[in-house]
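Encoded as structure tokens, here's the structure I'll be asking about.
Think of it as A, B, C and D in the order they're written, each chain with its own count starting at 1.
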């Protein structure tokens, strides 16, 4: 190992694999530039001191004890390619040492936003049932099939959460010229205004929207914050589209609101995944279903690898990372999304 | 009739009705400002000379003979609220007299564009079958359900026809930052460039697109101009979305291209409407179906009435109409779309 | 002439010349495609019958009598490259025959808009006097030089007239995210809203703007419609930028409003051109001056030629012109701008 | 002090003052929410232990020794309202403790961008000299005054540095639809592409631009990196606009390039400020001068205060700051801009 001067990277990206997140070209770029030590969450602490001492980056999110961290003398960054943060390392020490904990979830923002928009349009125009009816020979022609159809253009849109996904959603909505109200208590009003949306309270967002998109991350504080009261405030016939995590919603209340015909809804995320066979959401009308597949596109995973490489190269140059999101000392403990077990 | 100085309007808007195209408020505005003589295509020539002589506007598109036209001494405009032009009046005389023949089809542009985008996203992500599978309990979770999924963001998009609908489509695509190539032989290249799209030949559009949207009007010259050769040129797995009229496509060739798995497709328009019960398109996979309902939204019809009123008021002021599209002397004879019989 | 089948064009473009309006490449394209008969306004009626009978296009705006018009049997279009319409032909007959009278003034829209924006920024930041002071060694550094400086970003902007120039101005203002109110009685409110501006009365525009841009054409009805009352309504320190024609403004009232320090102003157009030597506007502070040079850029003239060629080629194909603006039967008589005598 | 639970803020904002950076309303908000201890850079270390121990924020950028830092037990953030970072505190300890060092320079981005655009338009159109000529009665009318005039619309634009100011410049350029190439070695290419600009090498930017804007911060590595070679590569007649710091340019070479007529230029920053009386730049033609006043607008200072308040309130809630820019451990030592001594 003495003569190989390439920086050393510990790789334990499960449930991802290097092949999943790096394109063929980027995999070459990775190996040309770095020595990769493939390991696992379990095996990592047992690696020789010399290896740990030399490791500059970890791709993955292994549990790291204070003791192991002390042995990782050259560590500059933990690049979490799963994307949800676990509370499995001594973050105080990590941050004090200036080790960047980087997350990659933003690669899913565009794919999720596109599916969210598809859901909104499908709800607005009854596209799915119209296609089924056409298959079955019971389609309605022209205006007869449009009794409840409406436009997204010029509509009142509410977005709950204005992180990467909220921004991506805003972007794909641009051409529809909607009036967008955003509820996000973690972002100052001036920042939202500057982004071209209207800051609003949660109640206003629920009350005044034709379409509500929920893209808020789960934290220790917002579990099930959207429930019966919120759905009851919504405009009759409005659409509720859930794209982040099921835990932010009282799912039973959501199903009740849709079942009663008060609102229509779509969801990519579920209280249990996979959802039990007989779950009522499976056949409910006024509901568009997606099996947690909004983000998991190959193109998103490959972008993850590209960002990982770009940021490692920046850190190699003594610069801070610029593409991936950094975990923050203040908020790392509040993040509570369950990691995924399948890609 | 002597003391009522409101301008006189002949109304024969079938298949539309005044209630369909005017909102309650606009209906009041119409009646406050104009004397409305409700008539029909058949009855119009039999109206008294005095009535015809005084008529300033016709709402509808009745057949008009040279003789009747001569009796319509004050006629300023024929406001066609069906939207497809018939060859049923002596256009030479009409244009020589400076009578504006106005069409209202542009009100359908935004609704059709929104449905077209929904179709594109549904094809790209397999949304409809994923929802069906979920209903039936055979859904695939996460990346397993995304084997053929792809993004619209950054894709190569082709648009055939850059009229009102092409522009509306361009607008709703904005946020996806696509590279858009347009084939439209009726528009100078400089105009397309100025609009922010790339002018291209039809072959290039077919060859180099991930998504092809067909929004060209039917003319006497372009019947079935998209056929086997064109579909054969398309990228494997690309999406073909037909939104204007079935006649511009060789429909059998389209079904063959989809049936073979070479491309996926969506259509709102059909060679026969309603489509026969056993038509193969009804159950074909890789196909999204809509029963000519893309445009016929209530909000579109109501906008039609608003535009009719705005332009009549402008013409009352001695100004040319500005909201509706004028038929052109040069092209009126080339237009060949079948009028609709249901709204 | 019998064997040359190229369409015949009569050319009398003064004060322009073919060299001014056609790039070298377009001049070749012109001559390759058309037989050009160079003539003058005076000589045209004296051309042989055979020539007049064959002429398809006139580049220029010669006086044409009924008699001459009758001899111009094949005439399809008069392409006015000066850009202001004269009342020098029997327009009723012209329009009845379907001859397109085309104007080219829109080529000046972007150059004028850019200068208008420069004027606005110069007024907002005192750029010109700051540069002069710097030359003279009396400049003020940092914030000391910014006592009255303000931003255009986020400002209230008023635009009087929303034709080609108003739209070009709107476009160059985009990045400043202003609130734009438009007064234009010739455009329906819905059209303005759809363009993303707020329709407003003239008084509101004057009262509520930090910057007022006047880009309205002169008509028989709006001479000096902006006078003492209007300037008096403006916000203290607001900027008034005149870009269309001096005749729409009471110039003495404007000078008084600037002289008193109530507003600041800029103008590209003047009651007399050239302006007399001792005119008070020449040395007034709070005033930015331009000698009717906002539009007359070589690049604009060359674009004129390109549009002329594009539209002639479209008309050759039996299509209506699409790039140049058509004179309208209803409004041709109201247009009253003085033609220019120098380019 | 025992009963006042408002967080304690040490204030030493020179050369700013609290009145400069806080609007009347925000000053009230500040005092309502915080106990302000007004101090100075010199006096701060002499404050009682109890005061230092309780201080949560410092508004200003006082020199802080390790010892003083140890006494600032509750310090969460240093809010630098001058905006240039000095190397006057033990940054390693500061970062290890998670104290946010925040800079406010981004408030100047929009004002500077607007002036930069004014400069570009003035150079493109000769606005300043045209106004002077008009004052003196020697103005040229119409096209005669436009021999070298050109458009910004559609031009090739180069931007050197894509930080806050580069982005603000990009934004105000939007409506001109330029082709923008950016040189910024501190930003990955993918980030630039995603922002809608083309990443390019410095040489390409210099060679291929009609307008070059320099908005790069000075670092220890880029002193005078734009010199004779770079100016020599520029297109004849192209415009060079310097907006960041004079030190990035070899100023003599710049003056030579302008003096020779090869390029035109504008600058807001100077090798010496104030510039000596007889400096050749003062009367050079083809040069637009501004006395370091591009950013120092009252509205910018007031925004600074707003951002300071927003971020203090976020940190009070246990959240990270989101509006101000954080100094980075990796780059804090490279920053070398001289602080300003006047506002």
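In this section, a residue touches a chain if its C-beta (ideal position, glycine included) is under 8 Å from a C-beta of that chain, and two chains touch if they have at least 3 such contacts.
Which protein is which chain? UniProt says A, B, C, D = Phosphoglycerate dehydrogenase-like enzyme.
Only a predicted model underlies this, so the values are computations on that prediction, with no experimental measurement involved.
S.K.: If you check the contacts of chain A and chain D, which chains show up for both?
M.R.: Chains in contact with chain A as well as chain D: not a single one.
S.K.: Report the chain whose mean Cα position is at the greatest distance from that of chain D.
M.R.: Of all the other chains, the one whose centre lies farthest from chain D is B.
S.K.: Go through A-B and B-C and name the pair with more C-beta contacts between its chains.
M.R.: A-B
S.K.: At what distance in angstrom does the C-alpha mean of chain D lie from that of chain B?
M.R.: The mean C-alpha positions of chain B and chain D differ by 51 Å.
S.K.: Please work out the Cα centroid separation of chain A and chain B, and write it as a whole number of Å.
M.R.: Those two chain centres are 38 Å apart.
S.K.: Taking each chain's centre as its mean C-alpha position, how far apart are chain B and chain C in Å?
M.R.: Distance between chain centres: 34 Å.
S.K.: At least two partner chains per residue is the criterion; list those residues in chain A.
M.R.: There are none in chain A.
S.K.: Connecting every touching chain pair, does the picture come out as line, ring, star, complete or other?
M.R.: If you draw each chain as a dot and join those that touch, you get a single closed ring.
S.K.: Applying that definition of touch, give me each pair of chains that meets it.
M.R.: A-B, A-D, B-C, C-D
S.K.: With touch defined as at the start, can you tell me which chain C residues reach chain D in the complex?
M.R.: Listed in rising order, the residues are 110-111, 114-115, 117-119, 121-122, 124-125, 127-128, 130-132, 134-135, 137, 139-146, 149-153, 171-176, 273-274, 277, 282-283, 288-293, 296-299, 301, 340, 342-343.
S.K.: Can you check the complex and tell me which residues of chain A touch chain D?
M.R.: For chain A paired with chain D, touching residues are 95-98, 186-188, 190-191, 306-307, 310, 314, 318-320, 322-323, 328-331.
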